[in-house]
Structures are given as C-alpha cells and as structure tokens.
Amino acid sequence: MTDTNAKTGRFHGLLQSRAIWPLLALALILIVDGIISPNFYDIRIVEGRLFGNLIDIFYRAVPTAMVALGMAIVIGTKGIDLSVGSIAAISGAIIAWRIQAGDPHGVVLFYAVGAGAICGMWNGGLVAILGIQPIIATLILMVSGRGIGMLINLFYGGTNPSFQSDLLQGLSTGSIAYIPTRLIVFAVLFVVVWLVLRRTALGLFVEATGGNAAASNLAGVNAKLIIFVAYVICGIMAGWAGVILTADTHTSDPVSVALYIELDAILAVVIGGGSLAGGRIYLGMTVIGALVIQALTTSILISGLPPEYNLIIKALVVLFVLVLQSEKARRGLMTKLWGKA
Amino acid sequence: MSALLNKKYLPFYATVFVFIAIFLIGGAMYKNFLTTRVLGNILADNSFIIIAAIGATFVILSGGIDLSIGSMIGFVGVSMAVLDSMGWNPLATAVLMLAFGFAFGAFQGWVIDGLDIQPFIITLAGLFLLRGACFMVTINSVPINHEWADLYTDIKIRLPGKGLLRSSAIVMLVSLAIGIFVAHFTRFGTNVYALGGDKESARLMGVNVRRTTVMVYAVAGLYSALAGVVYALYTKSGYPLAGSTLELSAIASVVLGGTLLTGGVGMVAGTLFGGMILGLISTLIIFNGSLNSAWILISSGILLFAFIVLHRFLVGSFDHNRQ
Amino acid sequence: MTSDETQNARVTMRGIRKAYPGVLALDGVDVDIYPGEVHALLGENGAGKSTLIKVLTGALPRDAGDIHLEGRAVHFATTGDAQLAGISTVYQEVNLIPAMSVAQNLTLQKTGGRFGVISWRKARIEAQEKLDRLGMKLDLERAVGSYSVAIQQLVAIARALDEDTRVLVLDEPTASLDATETAALFDVVRALKDKGIAIVFITHFLDQVYEISDRITVLRNGQRVATNMAADVPRQELISMMIGRELGEVEQAFAGRRRDSDGDIVLSAKGVGKKRVLDPFTLDLRAGEAVGLSGLLGSGRTELVKLLYGAIRSDEGTLEMKGGGIAGTNPRASLDAGIVLCPEDRKSEGLVGELSIRENIILSMQAKQGWLAKVSRADQDRIAQEMITALAIATPDAEKQVRQLSGGNQQKVVLARALACAPKIMLLDEPTRGIDVGAHAEILALIRKLCAEGLALLVASSEIDEVVASSDRVAVLRDRRKIGELAGDDITRDNIVTMIAGEDD
Amino acid sequence: DVTIGFSQVGSEGDWRPAFSKNMQDEAATYGVDLKFANAQGKQEEQLRAVRAFVAQGVDAIIIAPVVVTGWEDVLEEAKDAEIPVFLVDRDVDVEDKSLYVSRISADFNLEGKIAGAWLATESLGSCKIVEMQGTTGSAPAIERKGGFEAVIDQFPAMEIVATQSGDFTTEGGKKVMEAFIKSTNNLDGICAAFAHNDNMQLGAIQAMKEAGLKPGEDVLMVSVDYVPAIVDAMNAGEANASVELRSAVAEFIYPVITDYLDSPTDLPKWIVIPSDLHVAN
C-alpha cells in the first residue's frame, strides 16, 4: 500500500472543503441546463422584477430553503420534523381565514408565523418533555395538520378560499428594486437565524445536545430546553414557508400546499453536509443544498421530457450528488486512479 | 417466569395491551365492531403493511431506516401486472420480484456501508427511483387475471363467527414467524441488534458490519417485495401510484410496536401489533363515519397521540426500578 | 534479537506505520510477542498503544508494515477475521452493546450452529462458564449497559477469554477495576500464560506491570523506545523511558501531607438519599479539603456523587450550600452554584465526541454563562490552549475532534472542562482512569494546588492508594450505604480495606 | 332511514371537497344516514372502508374508486352480504358487471374531448398547445389526456408542444407554467393552454400575469371542473373555457339509491351526469 495522502496533498485543501461538492453539483446541473435550453441564462426585467430561469431557481427555492434551515437545526439535535408541510398548511389556512375576517394584514402575518411557532412548541413538547421519538412525535402533526388546515377553511365555509392581500402577496411575489421580495425576506430570516445560532451559544448547545444529550446535560446544558427551542424555530420557519407559498397562489389549499416539502428539506440538509445522526449544523451549505434541489426541479420542468421521467431523473441526480459528496467513494476512486500508478 | 417479566418485553406488552384495549372500547361504542370479522379484516387489510414493516423492523433495529418500501410495493405491483398481461405465471413473477427486492435492497445496503451515505437519504433516492420506474413500466392500472391469482385469493380459513383468515393474512403470519425466528434465534439477528446498539463496538466485537448492513437492507427489500406481491394479488392489479407513503405506515407500525428508531432495542412481534393498532384506528374512524375529511385527518392524529401517550405511560409505570 | 527467537514468536510486527490525518500515530514499530508470556505495552497517553492494538487485530488498516502470526503473514480485514485466527481482544473504551443482555454480549459472534441458528440455552451456559472463570455473578438477562463501567470492563474481559485463543490482547483492562477484581483477573491471566497463550497487556499502573508481565515494550510518539525483560528495568528508568524525563520530584511534592479540616463548610448533605439507589447519608465538604470516596464496585460511589450534583434527584434529605442555598436539584443549578462533576464514563456521559476539544472544554463554562453571553472565540481559543498546556493534552491543535483523541487525553478533556468553570466544589468520579504516570502525578498535583487555593474536592476512586495519597478525609461506602469516615493519620490502606470488608461479620 | 357507506377518494383540488361536502350535507334531505370514509388517495384505504362497511352491515355502499382495477374481491364480499354497491366518479374494471348495481357519474374522457373540440373550433384546427397534466398515473389525468388527444389528433396542425404534471394543484400549475414560459420564450407561438383541472389553470394564469402575459387574450385557456374561482377568471377575461364537472351531484345519486333499496330493479350500468361546456363571453 502506498500513501495516497502525500501524492494528492496539493489538491487536499481544495478537496477538503465541504462546500466544493454541492457547489460543483449545482454548477454541473446549470451547465447541462444551458446545453438543453439555449436561452437558459437569459435574465430580463419583466413587470418590474428580474426574470429568468436563474432567478426562478432562487425564487422557487425559497420555501424549501426556509424549511431546510429550521430542519437543519432540528437535525442538529439528532431529531427530525416530518410535520413542516402540515405546519405550512395550517399557517396558510390561518392567513385566508383571518383575511376574510378582516384583520389587518400585518397582524395576519403575525398569526401565521405564530401558528408555526405554536406547532413547533407542540412538536418540541412531545419530543423534549414526553420523550417521544421525533419521527413519530412529528408524524402526529403531519397526519392531522392538513386536517386542521381544512377545518379552518371550513370554519367560514370555504373549501379552498382565495384572498387578496397587497402586503402578503407583496412579500411573496412582489419585488423591491428589481429583486424579488421573497429573496429579501429569506435573506433577513437567514441572517436572523445565523445570528441567533452563531452569535449566541445556542448553536454550540444544539450541536452538543445532538452529539451526546446525556453528556451535555451533565455539562450543564439544558438539553430538553434546547431540543424544544429547535422545534420551535423549525415551526416558525415552516410558518414562513406557509406564508410565502400561500400568498404565492393567494389560495389556501391545505391538502396539497408544501406536499413532500419535508423530504426536500431533509435532502437539502444532507446535501449541505449535515448528518442525520446529529451534532453539526451548516446553515449556508443547507441553502446550497436547497438550490441544488430546485435547480434540478427546474431543469426537469424545462427539459421537455414527459413527466413520467421526473422521479427517475431526480433519483439519479440525487444519487450522483451523494456519491460525489461521499468521502469514502472519492477516496476509493482516487486509490483506483492514482494509488496503483 | 422471570424471563417473561424481563424489562425489555415491557414495550411489547404495552403495545398488546393498548391493542386489546382499543378493540374493547370500539366494541363498546359500535355494534359489529368486536367481531372476528373485523379482526380478520384488520389482519388482511394491513397484511402488506405489516409484512413490509417486519423488514423495516430489521432495518430499524440495525439503526437504519428504509423509505423505499412504498415505491417497492408499487413497482412490484405494476411489474407483476404487466408481466401477467404478457402471459407470465404469477408464481414465476413473484419469485422474480422477490429476487429483485432482495437485490435492490442489497444494493442500497452496499451503498450505505460502502460509500458511507446515510440510509435515510439513500433509501429516499430509492423511493424516487422505484416510483419513477413504476411510471416507466406503465402509467395505467393493469389487472391481473391469471387463474392462479384467483386460486390464491380463494384460500380462506374460517374463524369462529363470520371472520375469515384470508390468504394475505396467512402469508403475513408465516413471514412474521420467520422474521421472529431470524431476529431472535440466529447469528444474523443478533448481529443486527449489535449493529443498532453500537456500531463501533459491534465492529470491534467481530461483527462484519459490511455484510450485516447489506443483508439487513436485502432482507428489508425482500420483505417489501413480498409485501408488493401480496398487495398485487390482494388487489389483483398493478397501479403505478400504489403504496405511496406506505413506508410511513410501516415505520409507524414498527415504532408503535416498541422498537426504538435509534436501533438495537425492540421485538419483531411488536410490529404485528403496531400495524394492527394503525388498522384499528382507521377502522374505528370508518365505523364512526360521521366525520368530514378534515376531522378524519385530525382524529387519526389525536388517536395516534393518545396511543403513544398511553403506551409511554404503561411502559413508564411498570418500569419503576429505572433510575 | 536473533532470528531464532523471531521464529518462535507467536506474533511478529515489523515496521508498522499508521497515520491519521495530521498525526503519525505509529512510525515503524517492531514488536514480537511470544507464547506463554505477558508482554506489557507502555507509553504516555497518545503514544500509539491502542492504535497498535487496533492495527494488529484488524480494527484499523495499516499504512505499512508486516504482521506474522505463527510465521504466517496475516492481513485481517475485520476484527472477525482476527478472532477466527485466534486473537481475542479487549479494547480500551469498553466495547460492548449496552442494550443487549450480558449473555448476548458474551456470546456475540461466538455461538451458533448450522446456518447461524442460536440456542439460547446453550449460549447461556457458555456465558455462565465465561463469568465463572472470573468468579463473577451477574444476571445474564440484564442489559449490560445498566451495570457500572467496571462490571462492563469485566464482562468485556470475560468475553475475550476463549478456550482456543492464541493471543489475548488487553488494552487497559484494569483502568476501573479495584484490587479484588484485578487480582481475580491476574489469576486468570497467569493460568492462560501457563497454557502457552501469548498475552499483550496495556496499563498505566506500574505496580501491575511488575506484578504480571515478563517483557516490556515502551512506545513514545509512535516509535518503539525499547523492549526489555521486566526484571531488567527499574521503575524510575521505565518512567523516564516513557515520558522522556525524570518524574521524581513531582511525585514527592504532596505525598503524606494532610491538611487540617478547618475550612468553611461549603456543601452539606443531610440525610440525602434515594430509594433503591443509595441509603440516606450525611457528608460535609469544606473549602480547601480533599475528601476521598472509597468502596467496592457497586458500593454506590457514583450514585453518591451524582446525588450531590443533582444528576440523580434525591427523594429525601437536604443539600445545603454555604450561605444557606439549596443545591442538587439539577446539573445546571449545581453548576450555577459552583459545583462541577467529572463523570466516570467519559464515552457516554462525559464527552461530545463529534465536537472539537475547544468546544468540549468551554461547554460547561458557556452553559453557566447562559446562551446569550457567548464566550468570544478569542477567549475560547485562549482557554482551550491553556488547558491543553496545563494538562499536557497530546493533540496538534484544539480543533481536533475529541473522539479522535487517545483515551487518556479524552479523560484530560473532561477534567479541563470542569476546571474551565473555575468551580468552588469539584466532584470527580474516577478522574485518573487511563491517565499515564506522568500526567497522573501532574493532575494530582494540580488538584492539590486548587485545593490549597480553597477548592472543595470529592474524589471517588477505586485505587485505594490514590485515595490514601491524596485525601484529607475519606468516606467509605459499602452496599449502597455510607458506613463511616476516616481522617488524619487514620487514613491508611489497611484501615480502608478493613472498613470496606466490614468488621461486623 | 337507510344507512349508506361512502368511500371517497380523497380531498384534492377544489372539486372533490365540494363533492364530499355536497354528499354529506344533502344526506339528511334524502333520509340517508351517511357513513363517510376518506381514503386519501389510497386504494388500500378504500378496500378497508368497503370491508368495514360490510362488517358494519350498511344498507348500500357508494364507491368513488381511486383506480379502476382491483375491486373484484371486495365487491364479491359485498354481494355475498347482499349489500348493493353503486359507483360514482370513475369506473371499475370487473368482468362480472353484476357486482355493482350502477355507475352514476360524469365521463372524464368526454370532458377531455369536449375541451379538445372547443379548442379545435376556436383555433380553426391549428394550434400549438401546452398541457398541464394531473397527478401522473391518476385516472382523470389519463382519461382527460386521452379524450383531448383523441380530438386534436384529428387535426394535423394541432399539437401539444410541452406537457408536464402539475399534480392538480394551483401551486403545481403555477410552477409548470413558469417553466413553460421560459422554455418557450414567453409562450412564443403558443396558442392555447389546456389544464386537467381548474386549479392548475388558475396557477398558470398567475404565472402568466407575473410574466407580463395576458392569459385569455394571448393564449386560449381551457380546463376542466368549472369551480367558482375559474368563473371569476372567465369573467375577468383571463380564462376562456371550462368543462363542468358537477360537484352538486347528491341530487343525481341519492334518489337512485333510495329508490333501488325500496324496490330493486335493473338499472342501466352507467347513468351519465352531463358535463357542460362553459365559455367566457
């Protein structure tokens, strides 16, 4: 056996950086897009905002990225939250309901995000206080949350009520200085989450709890409280995703809004280098993960292939990204390429 | 006797207790509920979920997870139906499908261990891949019309009362017995527990982690494929959307049955009752029948919550000699 | 070494090299192990002992070098292969499956008939035989994880004692055992030696080295320093080979100097206890005083310490802090009150393996300050660096993941975390488990120094000599009950042993 | 009073919840005690529901099947228990037609045809079309696509240039249309958008407006369901046509069943509920 470390040492710094692989995947997807659709990179200004496929990828990735940020924190505690889609549905139903009831729209926004926080408290309570396994604890809200959304709609007789709100629609589909507002909303949320996590000790506590809850507890970290807070943050982010998605179509559709968003969010976290075994949170990388997924979705939509192919392509690309990211796979490959030379 | 009172069986007893309790409560609330007919229905209607869940129990015991279950059921179903329409014998297709399930599972296991990628994600890719493959096979629902399929569905054992033990329930009970044997009385089974208990220790204690991981997912794939065969024969058709989100029901069955998602702790027999509890919840709601769609969803959640809390309470209150 | 000797060796290792990212753990190590001998492998924390064992037993791939077993070149891909070839190993961090029963742990991968079918009746008999060999009585059906670390250590040893073993490897098997268990283990080891089994033995207890081993190999910084017959190396020389300098003065610095217990009472436990865990006990801790806690395995030392810290909630009695406050409700409150705990089981209760050394060290301190007042990165780096220097933690930098440290260095990180909180009361449960001679002396000296500065100290230890050497007062436990205290000149090995043994029967 | 068990597919889109609600609200009027079960799009849940209805001993069973296949065994069980079965919505594929009494429903395939025919007339048989399909593999998606294509295949100059699945949701329709807009360079040369339901069409309208296009003028918009929201869009000139799939169908269904229970007679195997075309003016 020879030492491959020395030979590849020059690349080492580059290859060691976690960020490189998801970014590489993103770049590859975009290059392929450019080949299948010649005017893919065009960016114009339409109706006072930037317009084009590239903008679309950012634009459409926002809800997934929001949920994924919250998910990253929950996963950091070694948990998982399956109920994020349902939370978004509840928050959307509340928006339609309270707007129909005539509340000021700023207050409605507060209710919607607040509902997310309350859902997060419910999940957090089940996991942290009752000690129920996260996947099952959040399954409860996942199952019943969309029912709650439908029920809220039925309160005032609507099945899938639509509404008009300059404020909310502005947040979702509007633009400020050519930039889609939702990107700005997302940027603000990202910065807030980042500050809360990294400028305070919360991030360390979350990671410690996820790494070894018993040890953290003995070290004086209130592990239960930390887990609880993680689910609340996740709920708030899901509430925001509900706002963006519901305002996008200005319709509350609890059955199908944000369907399977939990899977995409978890995928984003993992593509961003997070481990479901807990212990580490990478916020920036998670956003890149969400972009990879959305770039993929957008490419499938513009590819012109029949929809039967969507899932297969998605699966293959996801596999490709994961293999690219797997250190073990790369090491194996390198020994094959250089090791035997 | 002391072995029976062993602490580790507590979650299992609690699950059985909860199951019996709901069955009795349902009987008190609705007429015709507490009958062998309903019991027979629950066994048959949940058979494929429970079969898949037995495989999932192995995976979860080993500390992993398998999300490809539902798609595997769908894929096996459409493949069987399409091959049937091409004149294949159902028995031959069933064997082929079981082999495929085993191989596909083994492949997932190999990627998980060999490339060190998290099982949640690999099997999620498996979920997409197999569901996508369903659409490649056909986008229509295709009937299975072979006489052997009729023969299979005609196998029924009468229970006292009006109940029937249908063929799918029989297959399920047999595969459960095999699952229990493999998990608790073979070296492979013990290795699975060891792997889920502490992977690094298991490795140092001489467990072949690679082989065990591959085998665990292969077994899970085999069980999912069997669930797919049972599902296909149960509905005598294949449908590309069949089995969507069944993996969640399967995982829920496993966990309700007392198995810890973190691995290493649990019993295969618990999965049977976990699955039947889910079936009971649905049946109760149908017997009620007066709820609208919104309340149907909400009450499934509430019932699920109630059972989990009851279960925890039972386990907790019998287990007072914990610190 | 003549080639003749090499021929007879059961295991020969030549030029073994192993690098971790950033660390060359083994750098061309040669070792021969002969049948019927106990070969002690010594060296500082992080010298590479455990790594060598892992390479030998197939737990880690080697980068270079050859291993021959009875003359045949071997290349184990897994530990299972090594087991099949007759190498039984007890690794350093207790490696058992906590949730599985004692019987299952003892027979995992070692029982099963055709098609791997297991008869649990037979397996239980096999398990019982293994326990009998060490004279242990345990509930075979109970989960191994519910036993104390020491019992687990014994189970791991029992597991390794196979009939057809050719080579037995023991990596710090006695780290948490007390004298009785160690004696029982040594009896078995001698019996195995007489049967011609080759035994590799790693420890930091030099007394034990001289008691049992025939040959000694010393490693330092991944290189072999020397191999000698045990009888040929005097103790002082051995120590300087290991740590590369003389130790003498440090060891003398505190021996035999007890202080008067005249400090203020800072923590006072009155009738604190919990049913089925520990009978109510009364104990005062004073500033500037070190109290030792002695007792047999399972006598309740760990429980007592955890009750004081609030990690186990007591159901009777009161814990009064200096100035009248009530302590011991939960770890966080204790921390705020200035109490810290170093738990005995560093793997499951001590460290967050995924996090870096720095993060582990500042964790308690940060928890104490609350989540809003983040310790600045500069302070974190400074504190971590100070601790690394003060405790001589062997690591290239503070950002290394804790789980990548050698066992002894991990133990130091646990201590560092406690020290970083600037506590008033320190509760140490087996604080020197797996720490090398040099560091052991330094840590005891450090503890004494802190004590002199007014710290109150409670040290639970299974090494009676350590208790005798370092305590101003000793509390003795038996059968989950505190049976008495010794102070001043009464603190002698004999007195403690008599008390533990119990003169009433 | 008669007790009737109703196994509904799910609650996707605007149309189906309205259908469920209508059936539940109107039950009392026709002296029916309705046992409602929602299968959330899963056949196994429907089979469970039908078996539970049989076990419970209801007087009649209504099924809105998720898929056409796989019904033989349960229908036989219902027949053995002498409980008549009626189908609403889609069909079932069984050899022995005596297993159910009658199907009372609209015709998806016909809906597709109607939409296609309207478009052919409106575009004079020459049109490039973008299509938003329903959930891949679902019966309405397959049949509406089939009916629609059957018509436009008659016209050599009519062609579907892009098709994707919008999963029957507004959000899905919007996303798909956004992609179409980019891949066809602002719907350059596209004359019509056909959506398998109104919800997707509503999403598409939003996407087009956000891209500065004028749905209903630049592009002909035709879809299926005729829910209230599409009526508003048609009044605003943003949608052109929608084929009605009635949701207030209790009045068609209950009388047939109660009459049958009073005096069983042979009913036609398919009682078609008419689908009307609604065109914006």
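Quick notes on this structure:
Here the chain labels run A, B, C and D in written order, and each chain numbers its own residues starting at 1.
By our rule, a residue touches a chain if its C-beta (ideal position, glycine included) is under 8 Å from a C-beta of that chain, and two chains touch if they have at least 3 such contacts.
Chains and their UniProt names: A = ABC transporter permease; B = Sugar ABC transporter permease YjfF; C = Sugar ABC transporter ATP-binding protein.
Treat the numbers as computed from the prediction; the structure is a model and nothing was measured.
Annotation: B-D is the more contact-rich of the chain pairs B-D and A-D, by number of C-beta pairs in contact. Once the centre of each chain is set as its mean CA position, chain C and chain D turn out to be 70 Å apart.
Chain A (ABC transporter permease) and chain D have Cα centroids separated by 33 Å.
Centroid to centroid, with C-alpha atoms defining each point, chain A (ABC transporter permease) and chain B lie 29 Å apart.
Looking at chain A (ABC transporter permease), residues 150, 308, 310 sit in touch with two or more other chains. Of all residues in chain C, none touches 2 or more other chains.
Residue positions of chain D touching 2 or more other chains, listed in rising order: 10-11, 17, 21, 136. Here the chains touching each other pair up as A-B, A-C, A-D, B-C, B-D.
Across the interface of their complex, chain A (ABC transporter permease) is touched by residues 114-118, 120-122, 124-129, 131-133, 135-136, 139, 248, 251-252, 255-256, 260-262, 292-302, 304-305, 308-309, 312 of chain B. Residue ranges of chain A (ABC transporter permease) in contact with chain C, taken from their complex: 1, 3, 5, 199-202, 204-205, 207-208, 210-212, 214-222, 278-280.
The touching residues of chain B, counted against chain D in their complex, run 30-33, 35, 37-38, 41, 44-45, 48-49, 81, 134-135, 139-143, 153, 231, 234-246, 279, 282-283, 285-287, 289-293, 296-297.
Of all residues in chain C, only 59, 78-80, 82-83, 89, 91, 95-101, 104-105, 108-109, 111-112, 115-120, 141, 143, 159, 276-277, 312 touch chain B in the complex they form.
The residues of chain D lying in touch with chain B in their complex are 5, 8, 10-11, 17, 20-21, 24, 34-38, 40-45, 47-49, 51-53, 55-57, 67-70, 72-73, 93, 135-139, 142.
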